[in-house]
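Given below, in the form of structure tokens, are the structures.
In the two assemblies presented below, chain A is common to both, partnered first by chain B and then by chain C.
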Partner chain A sequence: MGKILAARLARLVATLFAVSLLTFLLVEQLPGDPVTALLPPEALHDLETMERIRTELRLDDPALVRYGRWVTDALQGDLGKSYITDQRVADAIRDRIPVTMELALLATVIAAVLAIPIGAFSAYREGGRFDRVMSGFTTASLSIPAFVAAIFFIWLFTLKFNWLPSTGWNRITDKGLLANLKTAILPASALALAPLAINARLIRADMIGTLKEDYILSARAKGLRSRYILMRHALRPSSLTAITIFGLQFGALIGGTVVIETIFALPGLGTRLISGIYQRDVTMIQGITLFVATVYVVVNLLVDLLYLLLDPRIRRQ
Partner chain B sequence: MADATTHPGDAPLLVVEDLATHFAIDAGLVRAVDGVSFELYPGQTLGIVGESGSGKTVLARTIMRLNLGGNVRTSGSVRFSNQSLLDLPISDMTKIWGREIAMVFQDPMTSLNPVVKIGRQVTEHVRKHFGISKAEARNLAIELLQSVRIPEAEARFDSFPHELSGGMRQRVSIAIALACNPKLLFADEPTTALDVTVQHQILNLLGMQQQERDMAMVLVTHDLGVVAGRTDEIIVMYAGKIVEQATTSEIFHRTSHPYTEALLRSIPKIDQPSHTRLAAIAGRPPDLADSLEGCSFSPRCPYAQERCFEEEPELEALATDHLSACWYPVGTPENQEAWEKNLLAGRPSTLAIANGQIVDDVSVHLPSGTS
Partner chain C sequence: MNKSWLKIIAPLFTVALIAAACGGSDSDSGSSSSSDAASSTETEAEEETEAETETTEKAEEVIEAGTEAEGDVDTKVEAVVEESSYGGSVIIGLEAEATGLRPWEDACSSPCLVMMKAMIDTMVERRADGTYGPWLAKSWSANEGYTEWTFELQEGVLFHNGYSFNAKTLVDMFELQKVGAVAAGIVSAAKVAEVVAVDNYTVKYVLSGAHSAFPSFLYGVGLGGVFEPNAANEDFDGFSMNPIGTGPFMMDKRDLDNETIVARNPNYWMSDEDGNQLPYLDSVAFRPIPDEGTRLDSLLSGTTTMMQTLRQGTIRDARAAKADGADITLFEFQGNNVGGGMFNNSIPPYDDVRVRKGLTHMNNQDAVIEALGGTGISLPGSQWFSPDSPWYSEKAAAAWPKFDFDAGKALLAEYVNDPDRSDGRAVGDKIEVELSCPPDPTLILAIQVIEQLWSASGMVDVNLTNYDQQTHINYALGAPPDFNGSHGAHCWRWSSNDDPSTFLNTQFAPPTLGIAAAYGLDGIFSPINFPNYFDIEMFGWLVGAISTDVFEERYALYEMVMMRLARDVPVWYSGHTATLLAAETNIHGVNGWVLPDGSLGAGFPAAIARWGQVFIQN
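Entry: the complex of A and B
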């Protein structure tokens, strides 16, 4: 257990090192003077500002030294500041992350909660009508891009029924949970569609395997009811795999909300990243990228640990 | 033990009549069980013996109505406590499973759920069948684990299966099967997956529990040595059919069927070093999807004559309580004649035994028929 933990931590550090280096080199790879990359075009004739920034950032130092400085600052929570908006990158992230986090979490929960019964029941009656209908549904969900689903949801729930708003965001802290969910549910559902389909398929496949196990037959031979066997004996082993997948999906969604946030005009990290890209706001792009990558690998690590914690076969070793 | 099979006073607990289980597969029809009949009285032990693939597991599961897959066809009848099991809806079977009829499976490594605690696995069905409380279930579980001789039963309640050895796990499986005091226990090769030393402990445990609870038991095994001295009656199965059926002592002392004789020859000897090669039966069991003419053992039988390849012998009574399906039963002059004819003709399966290529030290059962 301790050994596994150490190995996972080493891998985490190595991954973060690689990611941060690549992110940092983004700037280095841009043609010309780094200062020109950092500043908006209209500031480029202002030689005084350029000189000030050059000394402020000590841009004459070698790239590796500057990388070291950037990482050291980042470790202390300082990701620099935008030379376009003058905002500190860490502040921007702190401001935007709740929206993205909530979307990702909500989407993961929707995908998980629906996938478990769908997958379990499809497996239980493999080849039955429910299984075939769901197989059609998952195929469709996987072949439709999230933004198409989003547009469909907007058409259905906003334009046709007028149940939910199509844009904007109510913060829980301002308007309460219900108003918040009203703005979150459509984008989260659009995000959840693909992971839901993947989860349902994985759980189905896993359960079909589990249901063939001897211990399922012995559970039947004890006279236990089908539903009980399904929930207690079949889903349990599968849920270990499932939890891992849910965690990975959550991590991936943190960086995967860009398109949906844009369609629904949500004040999340994704839209901030996009505006950063349009404005060539390099520090912002670097900061957000590093942040998202870090969240992703940390979530991965936590998922690994959770798996170790949940599987009694590993836990006791 | 085991001279009297019939209990005139008692009604049989289980009556199996002309039971057949066939699987439709691409290659044809697999006749895994093909016309099996027998009776079992309360508190009695029946051994079902045969090589791997002879249909023992399918027979046991057909009787219990445990799912065998979608391509299965079953005919015949199974009466248990005067209920016709094959006609019951599955919802009624769930009231019988675990409570009236229980099963111990072959491999304790796979028949226990690896992620469910032992305590729950031992009691969940008792709670379902009898509606006892959690606390009562816990006490019962500990009692049961103690009765199957699991040390530190209390601590084991919260263990997971992988924390126990194979033998201990099989004890847990037995505790599970006994939990509701069933009237009938199927033990399907309960010791095949275990070490030799553990095998005897487990068999003794099963025998003790069976007597204590006055429970009927069907002990399924490929090893005649396992049932020796532990059963009242034995059924020898080959290719889905009963080829010999008699009291245990009859089977051992007045072996009639050449297949039974071959099985006796292959019993592992306790006094042999464990690496001694066991006497195998020459050849393999037939492919059940091909329909074979004549006696299904004929390709491997050292006594096989022309008639054996053409006509299938019926199961017939040699004596009361002794049935055998063979044209040239072991111990008869006809058998002796067949043996000599085959020796002269140089039939390979006959020569193999005569030349001792197949170890044969069960002197009472020398194939010469002189005993």
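Entry: the complex of A and C
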């Protein structure tokens, strides 16, 4: 167990290093200049100021020197300051991560809460009317991009029914949980559609196999109730796939909320990353990318560890 | 069992949505928060001064901002005729977040200015007729050579932190401005060498060269935005989040990319013409909503009570929503800002006027405006000034090479068949044009229209490219020492509602040091002469226009400049950029605010509201 953990941690560090280097090199290749992004076009005639800013931001140093300096600072917990807003990158992440995390978490919960019963019951009634309807639903959910679903939700729940606000974010700390959910539920639902469909299909496929196992037949022969068989005997062994997928999806959602955050005007990491890219805000892009990558690999590590805990066969291997 | 499962699954999603919808206080609802705030402020106002009345009548005066534009465009700036009242809040959806609110340091475009103007007053303001009038500066005068400008300042003005505004404030501000990322460039363009406090409420700006339109620089927030220098020096970075000015509102809460709320400044120095202290509103909330459709939906659903847009397509949609019965007022403004593009005049084939003029003749402005969603909204451009502008020239409009496909083809044919053609190609070979725009969907549609027209001549190979905004700018800017850029035919926007000198003098100065030296203008060059076009005679007119303050003389010089641009066609135009502020119908005072001298203000150019005189009608 210790060896496995050490190997996974070493892989995590290597992944994060590769991500940070790759991000730096990619941003470096962009033709824009942070100094020109910092100034309005009419101020670009002032070469003296442009040079001064370049020097202040230490953009004159060779790329590798700048990367080395950034890595050294990052290892000490300092992700630097935004070129454009002067805000500390760590502060920007701290302010925004609750929004993105909540969205991802809520989307994962919505996907899980709906996918498990849909998948399980579709498997139980394989080929039946419910299965066919749900098959159509999951196909449609997979075909519809999240941003289209978002626009539809805004039209339906905001313009038609006027139940929920179309934009903005109520922070739990400011306005309480229910007010917060009012602003979170639409974007999270739009975000949850695709994972919901994938999970429902995976659980269904997994459970169809499980329900054909001898021990399920034996349970039925004993006269156990169908709900009990499904929940206790069939769902549990099929949960490994679900846990893996939920974990991976949560990690992906952290980095995948960009479009949804933009449409619903939410102050999350995605919005900041996008503006960072447009503004050539190198430190902000690197900081957020590294953070998202860290969350992704840590979640994966936790999923791997959970696997080890849940399945003794994997531990023995 | 079947039924029980269905019972669980089917309502889950709906229940979650309904629970969220029904629960909690409706703090996002514009109407409820407005009315709550309205009652509280009415009480406050009564307590503050008994002499104040809650309502006041405004003169039923209507003044038009220049000549009415053609087409279905409302450009009227008119005095407020409704009864104004205290209290209430406005929630406005903006097209972007402000990256920072330090006037001297942070680049600030329209959405940022909507915020900044609530907190930061400027030295002067613009009137509806295009002239500049008093704001924090009561009056001003210049010496004979326009190199020294003396301003008398308003007295009794307090900053949000309680400090007094006086001449020393401006002197201390200048120390930050002359090295500020944004202000330093403006200081150099305005030729400000020194700021001197003559007495407590008199300040002198000493220029290194003549500038007869210098007060126009004090209209912009970069140089004219008055901030509290002590606070700026104490917390340089923090000032970006919490600016201290003398404006009608003070920062209350700044939640980046979510909501910025400014609250009424109880010590604001301005009163309305009946002596009621301004501002009327309790607060203004600014919400960046980048998606155009969602921003309009937010207004229509009541999530916000106001919105801004600079996109013709959104103006079209807002007009349609209003026609369908939406309870909103549309404040449209047809500004000088004109879309179009430029040719890189320093490289072939664009270095030949026949190519530039030929391509421009083949540009169907109406079709391009239609692709941009601006039919009936955006007026075709023929110069840097819209028909509303006092600087607009009928003569230049007539001289501009309008859509005439055959005339354009003939000019191109002349170039293509010229054995000495500048691109060095063989006679009869097609010319190659790189046409580039940022990857905005409507801009792409627009350049596709142009590409089809140019290609239809059979003499042009068009290569379309799209780069993001920053890359697009950098390609046009180029690198030192020449800053020639690597662009060909490049989408661009021209002009603004500021004094023409503020943009024309830098944009048509010598584009390289070599050209400057060749004309004996050593050291005078401008990397932002993006088209790399220089005409010594035209440059002389531009310099002449800042050496006199007689409007007729200046008008004549700028007309000559526009005529020269129509002759040489270094740039082309599509349409003027109409902008829009849309608001719930009970929001007033956006249109019709006045300066301290009672003259009518410029309204809402570039969708930038002045919040001091906005009110919600009870």
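Basically, the second predicted complex is superposed on the first by the 268 of 317 C-alpha atoms of A that agree within 3 Å, B and C clash if a C-alpha of one lies under 4 Å from a C-alpha of the other, contacts with A are read in each partner's own complex, and residues count from 1 in each chain.
Keep this in mind: a residue touches a chain if its C-beta (ideal position, glycine included) is under 8 Å from a C-beta of that chain, and two chains touch if they have at least 3 such contacts.
Keep in mind the model is a prediction, meaning the values are calculated, not measured.
Q: Per the contact definition in the header, classify A:I53: touching chain B only (first), chain C only (second), both, or neither.
A: second
Q: Look at A:R232 in the shared chain and tell me whether it touches chain B only, chain C only, both, or neither; answer first, second, both or neither.
A: The answer is first: A:R232 touches chain B but not chain C.
Q: Once the shared chain is lined up, is A:L114 touching chain B (first), chain C (second), both, or neither of them?
A: Touch partner of A:L114: chain C, not chain B.
Q: Looking at A:L217, would you say it contacts chain B, chain C, both, or neither? Reply first, second, both or neither.
A: In the superposition, A:L217 touches chain B alone.
Q: Touch check for A:L193: first (chain B), second (chain C), both, or neither?
A: Neither partner.
Q: For A:L181, decide between first (touching chain B), second (touching chain C), both and neither.
A: Second partner only, chain C.
Q: Examine A:P40 and indicate which partner it touches, taking first as chain B and second as chain C; both and neither are also allowed.
A: Touch status of A:P40: second partner only.
Q: Give me the intersection of chain A's contacts with chain B and its contacts with chain C, in residue numbers.
A: Correct list for chain A: 225.
Q: Once bound in the complex, which stretches of chain A touch chain C?
A: Within the complex, chain A contacts chain C at residues 30-33, 36-49, 52-53, 84-87, 92, 95-96, 110, 113-114, 117-118, 121, 125, 130, 151, 154-155, 157-159, 161-171, 175-186, 189, 225-227, 262-268, 271-272, 275, 277-280.
Q: Give every residue of chain B touching chain A within the complex, in rising order.
A: 64, 66-67, 93-99, 102-103, 105, 107, 110-116, 124-125, 128-129, 160, 162-163, 173, 176
Q: Where on chain A is chain B touching in the complex?
A: Interface residues on the chain A side: 213-215, 217-225, 228, 232-233, 236-237, 240, 311-313, 316.
Q: Looking at the complex, which residues from chain C come into contact with chain A?
A: 1-2, 4-6, 8-9, 12-13, 16-25, 27-28, 93, 96-97, 99-100, 106-109, 179, 181-182, 184-186, 188-189, 222, 236-237, 240, 255-259, 287-291, 293-295, 297-298, 300-304, 467-471, 473-475, 477, 480, 502-503, 506, 509, 526-528
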